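First the structure, which I've put down as structure tokens, then a few questions once you've had a look.
First chain written, first letter: the chains are A, B, C, D, E, F, G and H, and each begins at residue 1.
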Amino acid sequence: MDRDRLRRLLEEVRGGSVDVDAAIESMSELPFADVEGARVDTHRALRVGIPEVIYAPGKTPEQIAEIVRTLRRAEQDVLATRVAPDVAERVLTDVPGGDYDALGRLLWYGPAEPATLGNGIIAIVSAGTSDLPVAAEAAGVAQRLGNKVESVLDVGVAGLHRLLASSAVLRSARVLIVVAGMEGALPSVVGGLVDKPVIAVPTSVGYGAAFGGVAALLGMLTSCASNVTVVNIDNGFGAAYVATLINRL
Amino acid sequence: MDRDRLRRLLEEVRGGSVDVDAAIESMSELPFADVEGARVDTHRALRVGIPEVIYAPGKTPEQIAEIVRTLRRAEQDVLATRVAPDVAERVLTDVPGGDYDALGRLLWYGPAEPATLGNGIIAIVSAGTSDLPVAAEAAGVAQRLGNKVESVLDVGVAGLHRLLASSAVLRSARVLIVVAGMEGALPSVVGGLVDKPVIAVPTSVGYGAAFGGVAALLGMLTSCASNVTVVNIDNGFGAAYVATLINRL
Amino acid sequence: MDRDRLRRLLEEVRGGSVDVDAAIESMSELPFADVEGARVDTHRALRVGIPEVIYAPGKTPEQIAEIVRTLRRAEQDVLATRVAPDVAERVLTDVPGGDYDALGRLLWYGPAEPATLGNGIIAIVSAGTSDLPVAAEAAGVAQRLGNKVESVLDVGVAGLHRLLASSAVLRSARVLIVVAGMEGALPSVVGGLVDKPVIAVPTSVGYGAAFGGVAALLGMLTSCASNVTVVNIDNGFGAAYVATLINRL
Amino acid sequence: MDRDRLRRLLEEVRGGSVDVDAAIESMSELPFADVEGARVDTHRALRVGIPEVIYAPGKTPEQIAEIVRTLRRAEQDVLATRVAPDVAERVLTDVPGGDYDALGRLLWYGPAEPATLGNGIIAIVSAGTSDLPVAAEAAGVAQRLGNKVESVLDVGVAGLHRLLASSAVLRSARVLIVVAGMEGALPSVVGGLVDKPVIAVPTSVGYGAAFGGVAALLGMLTSCASNVTVVNIDNGFGAAYVATLINRL
Amino acid sequence: MDRDRLRRLLEEVRGGSVDVDAAIESMSELPFADVEGARVDTHRALRVGIPEVIYAPGKTPEQIAEIVRTLRRAEQDVLATRVAPDVAERVLTDVPGGDYDALGRLLWYGPAEPATLGNGIIAIVSAGTSDLPVAAEAAGVAQRLGNKVESVLDVGVAGLHRLLASSAVLRSARVLIVVAGMEGALPSVVGGLVDKPVIAVPTSVGYGAAFGGVAALLGMLTSCASNVTVVNIDNGFGAAYVATLINRL
Amino acid sequence: MDRDRLRRLLEEVRGGSVDVDAAIESMSELPFADVEGARVDTHRALRVGIPEVIYAPGKTPEQIAEIVRTLRRAEQDVLATRVAPDVAERVLTDVPGGDYDALGRLLWYGPAEPATLGNGIIAIVSAGTSDLPVAAEAAGVAQRLGNKVESVLDVGVAGLHRLLASSAVLRSARVLIVVAGMEGALPSVVGGLVDKPVIAVPTSVGYGAAFGGVAALLGMLTSCASNVTVVNIDNGFGAAYVATLINRL
Amino acid sequence: MDRDRLRRLLEEVRGGSVDVDAAIESMSELPFADVEGARVDTHRALRVGIPEVIYAPGKTPEQIAEIVRTLRRAEQDVLATRVAPDVAERVLTDVPGGDYDALGRLLWYGPAEPATLGNGIIAIVSAGTSDLPVAAEAAGVAQRLGNKVESVLDVGVAGLHRLLASSAVLRSARVLIVVAGMEGALPSVVGGLVDKPVIAVPTSVGYGAAFGGVAALLGMLTSCASNVTVVNIDNGFGAAYVATLINRL
Amino acid sequence: MDRDRLRRLLEEVRGGSVDVDAAIESMSELPFADVEGARVDTHRALRVGIPEVIYAPGKTPEQIAEIVRTLRRAEQDVLATRVAPDVAERVLTDVPGGDYDALGRLLWYGPAEPATLGNGIIAIVSAGTSDLPVAAEAAGVAQRLGNKVESVLDVGVAGLHRLLASSAVLRSARVLIVVAGMEGALPSVVGGLVDKPVIAVPTSVGYGAAFGGVAALLGMLTSCASNVTVVNIDNGFGAAYVATLINRL
């Protein structure tokens, strides 16, 4: 990153010749640092208020470590998603000080308890035990991005009493993430119980006609509940990201 | 049909040289009558205990009328499915005495109140107002084939209180037919409320990612409720047919 | 609807034996009125703060008129979507006093300028002239549900200068609805320009490999922008509904 | 599980203040035990008359063993499906006393000869040698759930004489499960030979245009035999479960 | 067509300087006549022993008539397929002397009883009444191309006794064409009954999961009978064409 | 197999009370031998004139060896397809005397030069080097089943001069098998060069939009050459089997 | 359009204070005119050297006429594609002076013989008579955009001699557009005959497994000829547009 | 290859009896060398001006080495694509002197700096770090085939400022290759920024609804930018090949 240009800008702000809003606007136009093969956005946290997130698949542990180092040098928190255990281990050896969540496959460099930036609770609801990794990714991301999170797990629609027993938690949330594989019916049922936005995450759980998450995806897109929007299959991160933006409104 | 052969057989039964079970077995091997372009199975009612059912699409009103006449001559009840209103009108003009159910698109020649042959109640459950034609087909067929039918309509999963208010009816049924379009989640929820077989019928209701019933079909095939089996999209007739066989057990 | 039960409840509230929150909670458990073939939810507006919305396809003008009448009798606003011009005309003849938006195919019974209930602006962005009907549905619904709406139309990604010229409007919004057919790339580009939630609506516009909106749908689900969620193809209503919930937070 | 609440209920039954049916009804509303990550339904056997069945994929041997232990402690039989040989070995080491069926991949804790609860015979029919694992799953599950089972294997439709040679067995069954891959034609042919419900199970056997079971699935859904319903690809368990419910009627 | 070149060639044959085989070989390299928008192959009959066949869809009656006229002028027989009734009427008005088969949608200019060129019988087998148009196209084409044809109609696999009653006819054929919609199982069953080549024709008959013939197509491609090959959906013409080539061997 | 019944039958033939044709007919109705898990058809060679062929995938080397032994004991030739090298090695150790074709993955027990039973040449044409295994399977099967085979390899449509250089061979064949992956255009081009039946075999060669053979399959089904029929993806065996039946006519 | 700003700019160019390249660069950033519902890009011709092209579907004749008028007022040529005959007639009544090509469905306002801007010949090759409308669209667009065009029509791959007879024309072209439906094999064959870029256009011609152009599309994408790129199904316009850009290089 | 025939031809050229153009034309009709299993085209470089390119998958290192040796003996440059590292190592051991590009998986035998044959710059643009291998394949091939290449990497559409910062490079190119996975929107955006042909390469990068590159492929085919054509998923080679042909015009 262009630190000189940033310094000049900040001195102008201090000197009063540039006001704060204009400075933030300017900074969101500044260039970016080059790490071999990838442009690293060192002031993204500044610009959108959320740290850079590294999508690990297709990157070597060395590449991930290099990006982490660059961002840590800029005193930013870093979150990496879809990090396999052996990759995490090698990155942590290279750049110590991170925290690895094996279920959610998240690698985090930052405070264990990030400051709360959201205004309410994000509820994470999941249908079956096989959906847990995606739910854990969503919960882990939401917590690191500064939200209070409540999880309601293993409440499939074929056992309504389990779900209804948790309806108080569901109704206390400001925004809900509902994770389900197979027929993906849970968002419709949860959507009917609350009057808040529901972000549905289809999972690739299931066999045969589940088609790797397609059945759940189609079910969620055609939900009869009007308060449901959908993200990509297994995209717990994306759901948590959008929920975070909503929870900050 | 080979009436001579049938007469000989029946006389042998009367004379005692052939017992009833053997006679029925034999008769199920007998040949069939030829109506122009279609072989008509005049003793199907005898053989499987259910009258011949005519699938109307692709047949002219004249062809349908001719089949009806042949079967009525053999003193059988006749049911035709997927009969468009104008087709029904022309068949009824040609062969009076039938009854047309416009919502379920069924044309029926037989007693208004067929004798009850099933042992319990068949519940017909449907999700939305647009699913009504398929539910009506299932209900009409089940009633004509000798079953007591209870309908629970317009109970989508996004409004659980409506569905739960009908749970006594659901639990009173011996077999259930659940009709739903869009995400097709209703069979999973109903399946979790009862311990009886549930026959799921996806409907072609819905737009976009509903893909003419594919979303509902996949949702039902991947249902997390273990007591659900599935028939083809919009196949209210097939669901009622199987439910009838089960209800006679 | 069970008016007696509602009356008793409201008298208890007045008498002070039940407080307001408890009453609202109770009322959200109350039953519903039966209109022939469809259960009408007369206190939905009360419960989720949004009037009942009628999905017109598959309903006759008479059925729509009957539902409208029932809801108007309960002094509720009514919105019907996907209303064809001839259907609208017949409903308006039957139940005068409504307003028809031909582009968005919306029929509305309620104040021309509904009270503003949302906290910010909903931006509606669309890619091409063929996407206008869906954008108009989204805009019309959002406005009727009490939101301030800004529309930025005809800003496809192949002409970036058009889109960038509107970036101030995009950044002023609290939540954005982005409508696009064909390759559905607009939500990704808009998503990169703002730090607010973006609801993407694929449209069935396009031919050949557009596959009736599938190309756009897949493009939006796999968007490289993390702040994008997706609704069903052509579902301008659903997008506006969720945007409304978000805008009220 | 809430043992206190259960004890009170049972004492009321003994004291006569609650009758048996009401008690059973009540108990089906009772909560459930929490095993780490999964809610275990300890009185499911009571409620629907069928023991909890564990779907093994996605669970570690330790998780499966823990669930088995919890259920055995509650004196319930346990069935686990899709258990790989190495997983079975580790669970059996951890919780001895179970029985593993390698072909059907079933792990069973319960009596070798469960009490017969069904009223007739369930016939399991399969098309080719490659369909045997799914047929074995169906047969093993049906037998454990208390049914008499007859298997008719390797009777594909391209060799009709093999199938016809078994028609007496087919006709003796109260409900039939027909397992087939490739073109999935067997259920149609069997369905035409009997007047009982046929549950069709497509298998993922085949290559090329078999598309992992899709060809068989579509073939079964569009069967010209009206007594056929369908479950998910390779879902031998689901077929046996529904057949069991039907056989108990 | 280049008549001069043909004349020279034929005179050389007559003169003995070119033998017959060489002449035929040469002629198969000769150019073709231009009819507005379409090159008409006036010696195709000579070259492959089968007259030019016109695929009517997408051509105007005038274009078809012009091609017919050109070919008739060259003293060739002409067959047009997929000819709608109104198109046939207009072509016949323009170029009298043809024969129209309304069920098979075939228009034929040539002898009513073409000379038999095939060595055996082609059997045409079809599953249901709705498959009749495609079976009629196959039968009509085969007969016009000089084959003896036997038809066995309405013999679906759910009524095996009907099919088995015709097994003598099936076994008498040198090559078989089997036409079926829905699950497309008939070719597998017929293929198991005979030891001759079976050409399977999927039809677009059926609804829902039949997907316009896809279910039947996949079923036929994955047939467990090894003597089955497949042509395109509804392609009765193609099946008859190949059967003709085989029957001439 | 029922040897007694066979002996009686053959003695009747010898005695003259049954003539040969009737005996063959009878024998084709006789039962079959049971090898654990699979019914082995020991007189298939007699019935259709082609030895039993074992499809190896999904069978253990032990099962294959057992079937081979049973058939060899009945003095039949045996062909196994899709035999992986390690499987072949284990079967050959268990039952020596077979011959393994590694490219075509065929295992053969029988004479190296089977008697010629076909009347002409079967040409095997393939498009690219990656299609060789499927072409080799087709060639190997055709040769073992008693046909003269000519192979024309590596003649893709993007290099027409290679293909045209082989046109004499193509025209000398009585039936042709054309193997191609990717766009699968070769059967159309070959089909236009000959007037004999062409059996097209799509292969799973290719990446991306080849979709594992789907592109080639669709291309072949929609071929503009009328003498093309199609078998399943990679089904070299099936193509050779049908070509053999045709070549024996 | 902002004519004042353009005038100032051009005067600066004339005055020498701005050079030509800078002016062109500037102008490509200028705004655009608003026609009700659509932003009309009045200097597009200036910017990319190609006139604005109107895609007619989804626009009323009035909207098209208004856009035409606006562009004509700015002295630009206008081309509209996919114009149905009745729409063309109404636009021509409203804005006379245009020329309608019924086969290619093109409406053109501009010189009958546009100035030649391309450096060589664009060859348009098509497979069957049904592909003619798409080939005509490509040819018409290419000619209007200033290219010399040669058409080679009706040269399907099943009749190679027709295609080879035109190889001189194919080799004379600088860029080729190849239009084909069904199996879409023509681009591969043409691609092998020339060493110039080939733009393949799949058409929606064909039935059954052609799936509205999908078979041709997949065939072209997986072409074994390396000089082939592909545009959308039926997109004759797009092919001509890219060919024009290439021909101007 | 037929060296004698080539020598005679060249001597005739030298002697003046054949002119150069005729000689080149002749040579493009000459035959080809046979390497075991593959016909090697030893004068392809001569004919189309581009060396033979070996597609490595499905070939053994020995087969690749043999083809390389044959071509090197004919003094040709050789390029192999999709060469895995271990395969490259074995070929290089066998035939030293080559250069391996591990990222682009290219193996090259020829000059490090091939002579420039193209007239301008080919720009390679890619969206994300995961698209780098395909971009590297395109860049490596284009450079080896004699083009100047400029790469603009990691410029996804969700970060427009990155892309716009490179617009000078984009506008300097004569032809552009745009590589993108996921929603594949980059070609549309780049296509709008330039007035040169854009070749879009979808990559198989992404998960869930990316469907291995299908989402990107459909997005590119339906691009709203008219200057975009498309090649197969991950086909960096094909894009570079066509770009080379265009760049030589």
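We take it that a residue touches a chain if its C-beta (ideal position, glycine included) is under 8 Å from a C-beta of that chain, and two chains touch if they have at least 3 such contacts.
Quantities reported herein were computed from a predicted structural model and do not represent experimental measurements.
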Between chain D and chain G, the fewest touch steps amount to 2
Averaging each chain's C-alpha atoms to get its centre, pick out the one most distant from chain G.
-> D
Computed over C-alpha atoms, the centroid farthest from that of chain A is that of chain E
Distance from chain G to chain E - Cα centre to Cα centre, in angstrom = 39
Distance-wise, how many Å sit between the C-alpha centres of chain B and chain F, to the nearest whole number?
-> 44
Taking each chain's centre as the mean position of its Cα atoms, how many Å separate chain A from chain C?
-> 27
Mind pulling the chain B residues that touch 2 or more other chains?
-> 159, 208-210, 217, 221-222, 226, 232-233
Throw together a list of every chain pair that touches.
-> A-B, A-C, A-D, A-H, B-C, B-D, B-E, C-G, C-H, D-E, D-F, E-F, E-G, F-G, F-H, G-H
Considering the complex alone, what residue numbers of chain B touch chain A?
-> 127-128, 156-160, 164, 182-185, 188-189, 191-193, 206, 208-211, 214-226
In their complex, what parts of chain B are in touch with chain C?
-> 129-130, 132, 153-154, 159, 161-162, 165, 205, 207-210
Inside the complex, what are the residues of chain A that reach chain H?
-> 29, 31-32, 37-39, 41, 57-59, 63, 202, 204, 212-213, 217, 232-235
Which chain H residues qualify as touching chain G in the complex?
-> 47-50, 53, 119-120, 174-175, 195-197, 199, 217, 221-222, 226-233, 237-239, 241-242, 245-246, 249
